[in-house]
Amino acid sequence: MTKINKRRFQRITLRPAAAVIKEPVKITVIDYDEMHYQYKEVVSPDECQVFRDKPTVTWINVEGIHRPEILEKIASCFNLHPLILEDIGDVEQRPKMEDLENYIYVVLKMLSYDTESAEIEIEQISLVVGNNFVISFQETVGDVFDPIRERIKNSRGRIRKMGADYLGYVLVDAIVDNYLKILDEFGEKIEFLEEEIITRPDQMVLKEVYHLKREIIFLRKVIFPLKEMVRSLERSDSALIKDSTRIYFRDIYDHVIQVADSMEMFREMLTGMVEAYLSSLSNKLNEVMKVLTIIATIFMPLTFVTGIFGMNFRFIPGLERVWGFPVAIILMLVIGIYMLRYFKKQNWI
Amino acid sequence: MTKINKRRFQRITLRPAAAVIKEPVKITVIDYDEMHYQYKEVVSPDECQVFRDKPTVTWINVEGIHRPEILEKIASCFNLHPLILEDIGDVEQRPKMEDLENYIYVVLKMLSYDTESAEIEIEQISLVVGNNFVISFQETVGDVFDPIRERIKNSRGRIRKMGADYLGYVLVDAIVDNYLKILDEFGEKIEFLEEEIITRPDQMVLKEVYHLKREIIFLRKVIFPLKEMVRSLERSDSALIKDSTRIYFRDIYDHVIQVADSMEMFREMLTGMVEAYLSSLSNKLNEVMKVLTIIATIFMPLTFVTGIFGMNFRFIPGLERVWGFPVAIILMLVIGIYMLRYFKKQNWI
Amino acid sequence: MTKINKRRFQRITLRPAAAVIKEPVKITVIDYDEMHYQYKEVVSPDECQVFRDKPTVTWINVEGIHRPEILEKIASCFNLHPLILEDIGDVEQRPKMEDLENYIYVVLKMLSYDTESAEIEIEQISLVVGNNFVISFQETVGDVFDPIRERIKNSRGRIRKMGADYLGYVLVDAIVDNYLKILDEFGEKIEFLEEEIITRPDQMVLKEVYHLKREIIFLRKVIFPLKEMVRSLERSDSALIKDSTRIYFRDIYDHVIQVADSMEMFREMLTGMVEAYLSSLSNKLNEVMKVLTIIATIFMPLTFVTGIFGMNFRFIPGLERVWGFPVAIILMLVIGIYMLRYFKKQNWI
Amino acid sequence: MTKINKRRFQRITLRPAAAVIKEPVKITVIDYDEMHYQYKEVVSPDECQVFRDKPTVTWINVEGIHRPEILEKIASCFNLHPLILEDIGDVEQRPKMEDLENYIYVVLKMLSYDTESAEIEIEQISLVVGNNFVISFQETVGDVFDPIRERIKNSRGRIRKMGADYLGYVLVDAIVDNYLKILDEFGEKIEFLEEEIITRPDQMVLKEVYHLKREIIFLRKVIFPLKEMVRSLERSDSALIKDSTRIYFRDIYDHVIQVADSMEMFREMLTGMVEAYLSSLSNKLNEVMKVLTIIATIFMPLTFVTGIFGMNFRFIPGLERVWGFPVAIILMLVIGIYMLRYFKKQNWI
Amino acid sequence: MTKINKRRFQRITLRPAAAVIKEPVKITVIDYDEMHYQYKEVVSPDECQVFRDKPTVTWINVEGIHRPEILEKIASCFNLHPLILEDIGDVEQRPKMEDLENYIYVVLKMLSYDTESAEIEIEQISLVVGNNFVISFQETVGDVFDPIRERIKNSRGRIRKMGADYLGYVLVDAIVDNYLKILDEFGEKIEFLEEEIITRPDQMVLKEVYHLKREIIFLRKVIFPLKEMVRSLERSDSALIKDSTRIYFRDIYDHVIQVADSMEMFREMLTGMVEAYLSSLSNKLNEVMKVLTIIATIFMPLTFVTGIFGMNFRFIPGLERVWGFPVAIILMLVIGIYMLRYFKKQNWI
């Protein structure tokens, strides 16, 4: 297997690209309550310990999960179960939610759409939501959380007044909202292709349709378990999620359902487009064959007539007469006109 | 992306047309009980406050949701949750029902069918049903509620004797009844196309079939969640819906099921029509190819025979004889007749 | 829209034919218990009142539902809810069962199969089953209940000893049994078409297949809700249905399931037949094309050879020799035989 | 409708062949406990009565259900409900289980595979399992129970130590085990056809595929309700089925699930085979058309060139020269070679 | 039926290859607790008895299930139910779990992928998990358990500290993890074929697609019941599975779901590939037909013109003139150019 195949295949099975391994791990801490705000980039995970016992809400963001020793330190500091630790490090997780007594573990996929290659890139996000802390683990640097950081810093909206559960909601919400944006891009593309496939049905458009279809098959694998996951977040009886926060998760659930619905709609539209393409191919073949048949049906008998009078028999009636050639031409005209009439009656021309 | 694509795409994701934004917001209030009736067009939402505390039923109809400050005033007056306010302003909601303690929030889609373009237009309606008031929010001016306004004004039927929950039912019922009318238009169109596709199967008919298919894919997205929504209205244990009103919601449920059933039936009929179209194309191709093959099979050997006697060899038997030409003609006739018989045996002619 | 389209469309949406409206309404009363039997044709619905309070079982059969004033009189006499009255008059109801305290309302479809046009005709039957009465509403005169009338009159079987709930069962059973008969007709037709499509696959057979397919799509709309309806009849905890009658409804349920199963089987068989038809078309096209290709491949090179020796060059080797023509003929024979061998090797002939 | 169609149709709707009616009814009784064993062929059903009250297990096997008076006698002796009696006599029953207080009624289908005609024959078996008796009703003489009779006679295995419920299990098990054998035959046939359709894809193989597909559609109608039936036997809270026997029914359930799974797998494999057949037809058509196009594209221009030099103009350059003919031949060779190269580049040859 | 068919068929119905029968049965015992470790190859199953009553965890691995007397000895020693014994010996079991009081019986399939033949080989594994022992039965020698044996021997990880339930988990986990590896191989193959079918769409690639499709149909039969089985292991209220072990089974469940999801995704991708292949065939046919039609449409009229001037009439205008030939050539050029323009306008060239 060549290197290129390897990489493409990894997208299917959701494995991390090998390139990722070399990057350093970046850990940032945001600690806040209604009054205070602190932002810190930490070098060693040990520095996180101080925040554990403070009553303020602490958001520890870990970018890079390829250094087990770092994950282990955090795990032991926040008392995470070994299996959870394993799940954080394994980027092939299905979106799911697990309610352990002292924290809730949530894993889901952050998507980003590369407009150029028209491919969706995927990154696994693990969230550990505790009583007064949220730890988020990302595969690589770069995320969709910047607006949230802004809101915390500038104390915009409710966020500084709410607890760690609300922070968890806000993070999940940011990821799901991004799905809607990607679907918008898909929608535009599908609209465009639909236009194309009717006006200029060629192989290239079909390839793009199949490409989109595949991306959607792929997306479903990510989004279907998400539905269930958000549902159980909303309905969980964990004390970590306050009742006033629960309604927000219902809101996310509505969004996820909407994403799933649109995806199903796109899928059906794409299937319809393949069908339309094939039927337009069939149609064209019919047109081509009609042209061929008309031409052949007119000229074969005519050529046959010329052949008759082209034979070298000494005695062929009319050959020696002045009226011979005009009569032959008229005969051929009659045959030609009769054929054209037949095709007109058959509605072929 | 061109402007045209933008607009078409908005239909898929259910976003409001940009044009809407400029219209002013129109608020009307109808206040009634068995004895009294009052109709008022209000300029500022503050005027609604007086109706809140009166025991009469008040229907506040807001046409236009693009001015957040107006929505906010109403929300604060009637004590609506911030998330509900957000949902009212976001026209991409799935039909759903939420039971908050003091009011029920219902969101659904009002459809209108543009016969000319054969496209369904969509408008989101939000209803807030409280103890003695109903607030309805529409995207634009114009709705299907005029007969209801008439009934209230003229005290026709039960409506003036019933409470706000019955008014809520009547509004939802008007919207759903309109779906049935649109389905009727669809049904007629499908009947017509079915006739066409058998008698005159051309590309245009197929395009219309695909157009209808797409409209139905689109409709399902609106109607399927509606089923669930009406179900939960009927079964909700909210004190806001009286037992005597509950049976009416069951009636709406029956209608929604009927709409969903018909839609599925239409979908299957359209799929069957595409299939029939393709099989009739195949059939035609076969016919065309038979004609071509018959012509070629008859005239190719004949032309070959003329070719033989057209060769310039000095010594070809028969060329110099009087009987040469008639014999050649007879030979060709025999070949032609044999070929025709063969095709008759093959059932091709 | 022409008149013809209008009528056909009505079948889809289950609306009554306009013609029905003119017929008079016929009301008959059968009143019986183990000892007594009375049959009466009543002119005014008021005459029904006397039967309401008698302990005997009374079956009021109303043929024609287009005169609202008659329905209203019956409704007020037997205390029917306004919504039930509305449902009785609206022939587009889905089969359903509603358990109101004093009576059970059942609506379902009576089918009749017109062998000539191969179309299923549909008529809505509403049943109101009370403590000691059954009221049945039909769209038009004519039904499948005559054997039941006979059984009551002649006191055959259990019927005279049982209550109104058993009469309700007997009526529903008669309608469902008729479904089985119609399915038998379908089965025969499908068997016949299956034979045809293999031996004589032409467009006409395919049209009949599509016709049957559509009738079955249509039937499903009627039968699927029926399943649920009979189920709720069997399981209802209404005091109106005695325990000893309940087992009979289970029997109907078995029949409905059997109808639904057979319908699904027919649907799959018809789908398979379309598929088989298309694959046989493809096969034929291949055959036709092979014939064409064989003919062209043999005669085109041969005609080319005759063309070479038909050119008017003065110096062509062999033209002037006695052996010229035989050699040319042998050359052509060799080419022809070689081509035939090639096709034999390709398994084309 | 001819006679042949009649018979084939009966298979679909599961009606008994008319021929069956004439056979006499054969009743055999096997009565046993751990110590005693008695086998008896009875002439009149009245003789069964003596066995009813004995504590030993009694198996009454009735072969032939077309004589109602015999069934009625047995029914009245063992106190069977009239509806059960009706079900026993009606061979179109879906597999089901009914738990009446004093006995359990089970109806299912015994299959036999006719290797020659490759058709499955079906026979309905009704079982009435009471406290100390089992009555089995078969449509015709001949069954799959002989090994069971042997086991009882020779006291092999547990059977003589167990009660009537275990006998019921053993009978159902024998029937279901036979399904597995039939599936094996199907599996072999499918393997064979899969080989065939790749190496020799002709119409005959396709017909066999469709035949198998239809047999499987038909089988599903028998097996799907069986699943549910065995499930309710296992889970029934009837006192007639001892707890120690219950685990055996779970074993049958596993077998039924396995049959259903294999059937679904066969169905998918057959669908895949039809698809493969069609795509191989398309492929062949492409091959044929390429041959035709290559031949026509090479020889049409060449024949045109010979035509040019075959024209009878007096003044055509080169006609009179010695080099005329070789130049023309070389020109034609160049054209031919150019065409062949073009086809090579197009990957057609 | 030939031998080859026999063997291939056995794969479908999951029967053991006949060859297996001759191998001797190999029994190994690993007995351990936190302190002690003992490995032993036993000759007679009787030797297992000593381990039964020791408090240490004992893993008895039986490779070969074709000698009933050995299975029976083990069964009687560990008190296994006769039906369980039967299930162990029957390799056509569906994956399932049965909770008997003193032990849990688990049966599932161990897969191995033969890269060369691209076929999945299957082997049934039965596990009996008791209080302090696990007995595993395999069809043949060779398994995926070697890393586990290593871990026990070298006391790596938790395994030596945990009980028999954890050992059961570890064995099931090893088997399921192997599924993921096989899916990876599938994924690579599918990626490769997807590339191929676009660049070089020939029959061989299609055959491989069908082969993979069939393997996946086959796999589903193994994996779908597994889902349910692992679920019931996790949720069982058996005292044999400690609460601390339960979370590990949830982990396996996640893996099984992931396997099932990927399989569905692969299936859809393969279906899409067949579709793409067919549409690319259609496209190619269109291209071929266009070439043919263009050639025929240009050269047939031209050849006809040469035919006219090749006729042997004495009086054909122009034949005798010097300008005759050039005019004819120009006429033909004009016809040719006109035809080419027509095809350009039709977008065919």
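Going in written order, the chains are labelled A, B, C, D and E, and every chain counts its residues from 1.
Just so it is clear, a residue touches a chain if its C-beta (ideal position, glycine included) is under 8 Å from a C-beta of that chain, and two chains touch if they have at least 3 such contacts.
Everything numeric in this text was worked out from a predicted model, so none of it was measured.
In the contact between chain B and chain C, the residue numbers used by both copies make up under half of all numbers at that interface.
Its C-alpha atoms fitted onto chain D, chain B is found rotated by 145°, rounded in steps of 5.
Centroids of chain B and chain E (each the mean of its C-alpha atoms) stand 42 Å apart. Centroid to centroid, with C-alpha atoms defining each point, chain A and chain B lie 26 Å apart. For chain C, the set of residues that touch two or more other chains comprises 278, 282, 285, 289, 292, 296, 300, 303, 307, 310-312, 316.
Chain contacts in this assembly form a single closed ring in which each chain touches exactly two others. The touching chains form a single ring; listed from chain B in the chain C direction they are B, C, D, E, A. Those residues of chain A that touch chain B in the shared complex are 183-184, 187-188, 190-192, 195, 198, 247-248, 250-251, 254, 257-258, 261-262, 265, 268-269, 272, 275-276, 278-280, 282-283, 285-286, 289-290, 292-293, 296-297, 300-301, 303-304, 307-308, 310-317, 348. Those residues of chain C whose C-beta lies close enough to touch chain B in the complex are 1, 5, 8-9, 12-13, 81, 83, 92-94, 96, 98, 203, 206-207, 210, 213-214, 217-218, 221, 225, 274, 277-278, 281-282, 284-285, 288-289, 291-292, 295-296, 299-300, 302-303, 306-307, 309-312, 316, 318-322, 324-325, 328-329.
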